[in-house]
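Below, chain A partners chain B and then partners chain C, in two separate complexes.
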Partner chain A sequence: MNVFFRKRNPKSIRAFSLVVMVLAGFLAGVPAVVAQAKPDPTALLKELDQLSDFSGKDFSAVFTIVTQKPGEKDSVTQARIFRRDTKKQFLILILLPEVNKGQGYLREEDNVWFYDPTSRKFSHSSVKENLQNTKAKNSDFTLSSFAEDYEVTSMTEGTLGKFPVWILDMKAKTNEVSYERVVLYIRKDRTMLLKREDYSVNGRLMRTTAYPKYVELDGKLLPSQILILDEINKGEKSQITMAEQSVAPLPDKVFTKAFLEQVSR
Partner chain B sequence: MAKRVLAIAGIVLFLSMAVQLVPAQEDGTDLNSLFNEEVVTPSSTPDQTAPGSSSGATGQGTTTAASNPLQGLLKTEAVRIGGSVTGTVGISGTWNDPWTKGIDITAPDAQQLSPALSSLVYFDARPDEEFRVHGSVKTDWPFSSTYSVLSSASLTGSTLSTTSTSITVPDVRVFELFSDFQLGDKVYFRFGKATVKWGVGYFFSPADIINLQPIDINDPTAQREGPLQFRVLMPFGPSQNTVSFYTIFDASNPDFSTTALAGKAEFVLGRYELGLGGYYRDDTAERAALTLTGPLGKFDIFAEGVVSRGSPKTFYSFSTSAPYYSISQPKDHRTTLYPSATAGFLYNDQDNNITAVAQYYYNGEGYADSEKSSSIAVLNTLLSTPLSAATKTTLTGLSKLFAYGSGRHYAAASLSFSEIGGSDFSASLLGLANFSDLSGLVQPSVSWQIADRLKLTGSVLFFFGASDTEYGILRPNSPMTLSVSLSAGTGNF
Partner chain C sequence: MNMVLPRIAARNLLRQKKRTILLAGAIAFGIMIVTLINGFAGSFIQNVSENFAYLMGGHVFVSGSEYTPSGKRISVIRDDSAIMKSLQDAGVKWKSIAKTSQASATIIFEGRSIRQNLTGIDIVHSEMLKSRLALVKGSWENAREPDAIIISQSVAKKLNVLPGDKVIAQLQTVTGQNNVGEFRVAAISVDSSIIGSIMTYVQLDYLNSLIGLGKGEYMSLGIMLDRLDLSDGFATSLYTSMKGNGIQLFDRNAKQESTSTTPFQAMIREQNSETWSGTKYRVYTIDDVLSQARQIVIALDTASVAILIVLFAIVMIGISNTFRMSMYERIREIGTMRAIGVQRGEIRAMFLYEALFLALAGAIVGIVLALVIMGILGLFSFDPQSAIFLILKRGHLSFYLPPLRALGNIAIISALTLVAVYAPANAAAKLAPAEALRTVK
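So, the complex of A and B:
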């Protein structure tokens, strides 16, 4: 019996159509599911690093950091930051508070110098050090290099707010980084870092950082708001906002000690 | 059964959710709630114009920025004025011989009330991107000094008659005054009176040849006064390499023989920075200096080596025959070689607010042990013989000048904890030792930050060393000074 030409009642046809539609929908959805399949974690990290990579261009912006500590009034730190990613250079010039105005950090490759206009002295610093009295580290203002500095130990799925995320647990490959272990929460539908947790060598959660606002600049994505929670000193946090971002070219002299001395007070 | 399983599952789910929520609730920040709406602000055209053109600055999160990010840094419409003010009220009591006579806390041998107010005021003008003028003045309470000066003198027969008058001079000193200008981005000039940072040492810096003031061990990072100079600085090679040339003028006697010429090259070699300097002043010395700084593990290390042919230092020697002492002039040791060196480290643990610094110093301009011992023996003999009071006073004064910096091996260290345990208390320990004669000082201190710009510090200063040592001569009998100091209204503006 030819089942294909057997006459069916309308109810059966509707049921069959429904099954076909569901199957078609399922099959049509396969590519989407494939796209949501676990990406290569290293490739994901590279993509994340490239999001704010201004290699070939210069980047500058003004960052305002409001730091809150229980029992103390809020402190405001403002810094103008110049970055040249091609040469791993940055210059951070402190604009506020008035007491520290003119202090600065200069980075070239792996060297970081701190300049104090009061003593007129340059001293060695590190990207691991905190920027002034804030919860932010100098490394928070550099081009990220997760793919180079960390190896992924696990990759799971989760949700942050309304966003499905990849959760990457990572271990440092070098001691040049600020934290031994970092957990990243990376948005799935559009690669961007939403949250990170930084752990010490002994596994203690040191700080949690959220990136709730991004802006696009020259095809790149930059966090325009960052919230850093100190997990050791509960209640202490810094909120960073970015303004006046620019990719206008900068003269070479900007990334020199002579310039830092010149523009400090 | 199914209901019971569902109930248990519900309780477990609730508890696990509650546990996860605790950290967020503890500091009142629910991070999940930050991600309930789109996080990316729509893009706009970025500014890629070169510095030079102008446009308005924008607010937070905007993507059209000021065209010239350097605008406002190199050129300003207004002259900036700022400075610092330091106010302290200190009380101290000194027990001159606490180790043999004991301490009566209510009856120190000397006590002192020392109010102090000082200020530095600076201006900074940038009328042009390639021209900057900076100056600063310092003053201290009571802001004036009174001097007695000879107003007239007459000789009648063998009688000399003089009259004096008092003049009051405002105590305002120009600390710095210089201008910076440049030839493109290749050559930077500075003319004026300014601090020069040559050395890299923290407590001791034999390579810091040019500045007029030595390092104050109680305030090692303080800016020090520099001379009038003309500096030419040129970057070369990789961006942090520089070479600079100096012409340094003598304030008291400007002359060709008192004008120094100096040059220094600084290189970045991997993680280390190397400095090579040379200095020549006809009437005092030629000097060659080598400096090195860089990280070593978690430590920042620094080292200096200096060879000096001749020295501006004054050396003292004593004899049992009149006039009992001699004071050297620079020409007396113009060709003598004096090698000096120092090395140390700085450790800074930001997470725990701990800073430690330690440094060793070989002082080539110190006295040899045998020379120092014989001079002290002669001094002790002279002071125990029946000489005139004036001569003994002179010899006592010279003995202190002789003793200061007389050793060849020194070390200094400090350890400080700030905001201990998140509190408003800080503590520090400072030590300085002359290892040539085993004398020195130790000063523990505790500070309480009562409020912004109000800090109370208590410290005890101990001196140690036998009577024939540097600190035994400078501070006989190993005295102890207990101090309490209130810093009030100190800050920058």
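So, the complex of A and C:
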């Protein structure tokens, strides 16, 4: 007897049809639910940028960076950072090591100046430069501009540790941003960047950054601990911790060369 | 010309050999020191310029600047056909040319890293490179590979690499993006100097691909001439020729119109203060870049004149006193000469001749001594890694004494000696013969 054509009970057929219809309806609805849950990648990037944006206020904090290099003693760099995001200004004042104390970086419009108190001279620098002998770049301490600099080429779901994340694979919009390709791991339940991978122009992973700890400041989530791994020179890494963060107003003179010269004395 | 007085003066000097030797020795010592400083200053700029020309691969350079669509300025020569035509049109001779791109990179090998200046050049066809670099390991044959890298001994030691090892270079494109390249060590070269040891050579095409330049493009054209002193004339001819061919150029005379320290800095300032479309070129010489070094030469020359004056102020006091003593010792002789008809002016002239002969003898001995010392110092060979390498000529100290400078020093010494001796000579000339003859020593 053909099992596929055996006679069925009309009751069970009705029940089966009902189950199929409910299942079909459910399955049809799932993509719609998923689509609804998947945020617009650009909006997500903008939200991420917003977290580091203190426009309308001033931001200051002390960052301590411990850098490890194989075969070398750990080095500690400490810097006080002042930011005025409305005008895209920042001033980074080196506090440690003692030998570099008083050195500083000042951003005035599109120019970044490096000040050396020994020679009392300013020279051109860039946000793309590494801060002192660390794995951190000056741009790591400024407001991010992912939405402006990158376009999302793919957005997938994944898990990082115990957290479900959105994985955004991004390509630089111009050839003037530091990394041609960046992959971001953003927590799904709350917009927080957990991990970032930076790739070279020819597609090689250069740097992995993890953001394990956050603090809340003025209603915004800020990473209070950052780990940067050098993927090219394996074994080299920097750990950044943030303290004394504040959004108290800063005097205008803070963002001037004269201030840098004065505090460096 | 009456030769009696010079002969008497010479005889007087020889009569007091010990005193003459001491006085001439003091003059000789002073002029020897000054001549050594002059000789060092004379070769300083020459050696520094030649060493830099050697390291930078040219006496005259052409580089281009253009703006990216976002307004960032980058250094690039995309199409050099107009420059090559201008070189031909200029009708001037050159020894070799080198098209290069440069990038600052961190070279990494098994956890060790070092910052280097990568120079991209056509290694296979660069005769200049082959003549400049002596290889201690590896070969030029290895260097034919597209990912070849030639590093210096000190860099190889620091990274612990050998020919055949693969190193990673971390660098930035011309627009500032991070990039990574892999190179295979083709050869290890002898360190030519501290600066030479940070120069690392790679294939131009591969470096271009890493820094975002296309095939056939480059950053700087270096032109090596037969001699350094030809560079200014060559640059002027090339500049005129390029201008004639309608190429956009930065003004080579910008220095005269600004307060910049060097002509090269003036060109950079001009570049910073203006915008243009397309590529704008600058033509400059090694001297334009190093004109600050000329200030060191001026400082050395000024110091030598100051030393000359201080040394001789002391020596002149000694000479003046010695001649005054000599006058008293010879007072009866002067009285006798005056009594037999020698005129006052002739007595004065006799003393001045003595001073002049003393100065000339001392100066000539001093210069000869300085030349001997220069020759001896020139025999010593210095470590290529030493800090003074840039002022050396092929690893040796070298000196160049401009003849006019030497003659000038002799003239200054002679004049100062005559001034010092004039007072005692005048006193001797004014002696009354009878009084001089009565004087008992």
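One rule holds in what follows: the second predicted complex is superposed on the first by the 227 of 265 C-alpha atoms of A that agree within 3 Å, B and C clash if a C-alpha of one lies under 4 Å from a C-alpha of the other, contacts with A are read in each partner's own complex, and residues count from 1 in each chain.
In this text, a residue touches a chain if its C-beta (ideal position, glycine included) is under 8 Å from a C-beta of that chain, and two chains touch if they have at least 3 such contacts.
Just so it is clear, the structure is predicted and the values come from calculations on it, not from any experiment.
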item: Partner chain(s) touched by A:N233 [first = chain B, second = chain C, both, neither]; value: both
item: Chain C versus chain B, contacts on chain A by residue; value: B
item: First, second, both or neither for A:L221, with chain B first and chain C second; value: first
item: Partner chain(s) touched by A:L44 [first = chain B, second = chain C, both, neither]; value: neither
item: First (chain B), second (chain C), both or neither touched by A:V201; value: second
item: A:L260 touches, of chain B and chain C: first, second, both or neither?; value: neither
item: Touched partner set for A:S178, first chain B, second chain C, both or neither; value: second
item: Contacts of A:R120 with chain B and chain C, given as first, second, both or neither; value: first
item: Touching both chain C and chain B, counted on chain A across the two superposed complexes; value: 126, 232-235
item: Residue ranges of chain C touching chain A (in the complex, touch as defined); value: 68, 70, 72, 106, 108, 111-113, 168, 170, 172-173, 175-181, 210, 212
item: Contacting residues of chain A [partner chain C, same complex]; value: 70-71, 126, 128, 172, 174-180, 198, 200-202, 204, 206, 232-235
item: Chain A residues within the chain B interface of the complex; value: 57, 60-61, 64, 80, 82, 87, 89, 93, 98-99, 101, 108, 110-111, 116, 118-124, 126, 129-130, 160-163, 187, 190, 192, 194-195, 208, 210-218, 221, 224-225, 227, 229, 231-235, 237, 241-258, 262-263, 265
item: Contact set on chain B toward chain A in their complex; value: 23, 26-29, 31-37, 39-43, 46-51, 57-63, 65-70, 73-74, 80, 82, 122, 124, 132, 134, 180, 185, 188, 195, 197, 221-223, 233, 235, 238-240, 242, 268, 271, 273, 293-295, 300, 346, 348, 350-351, 422, 491-493
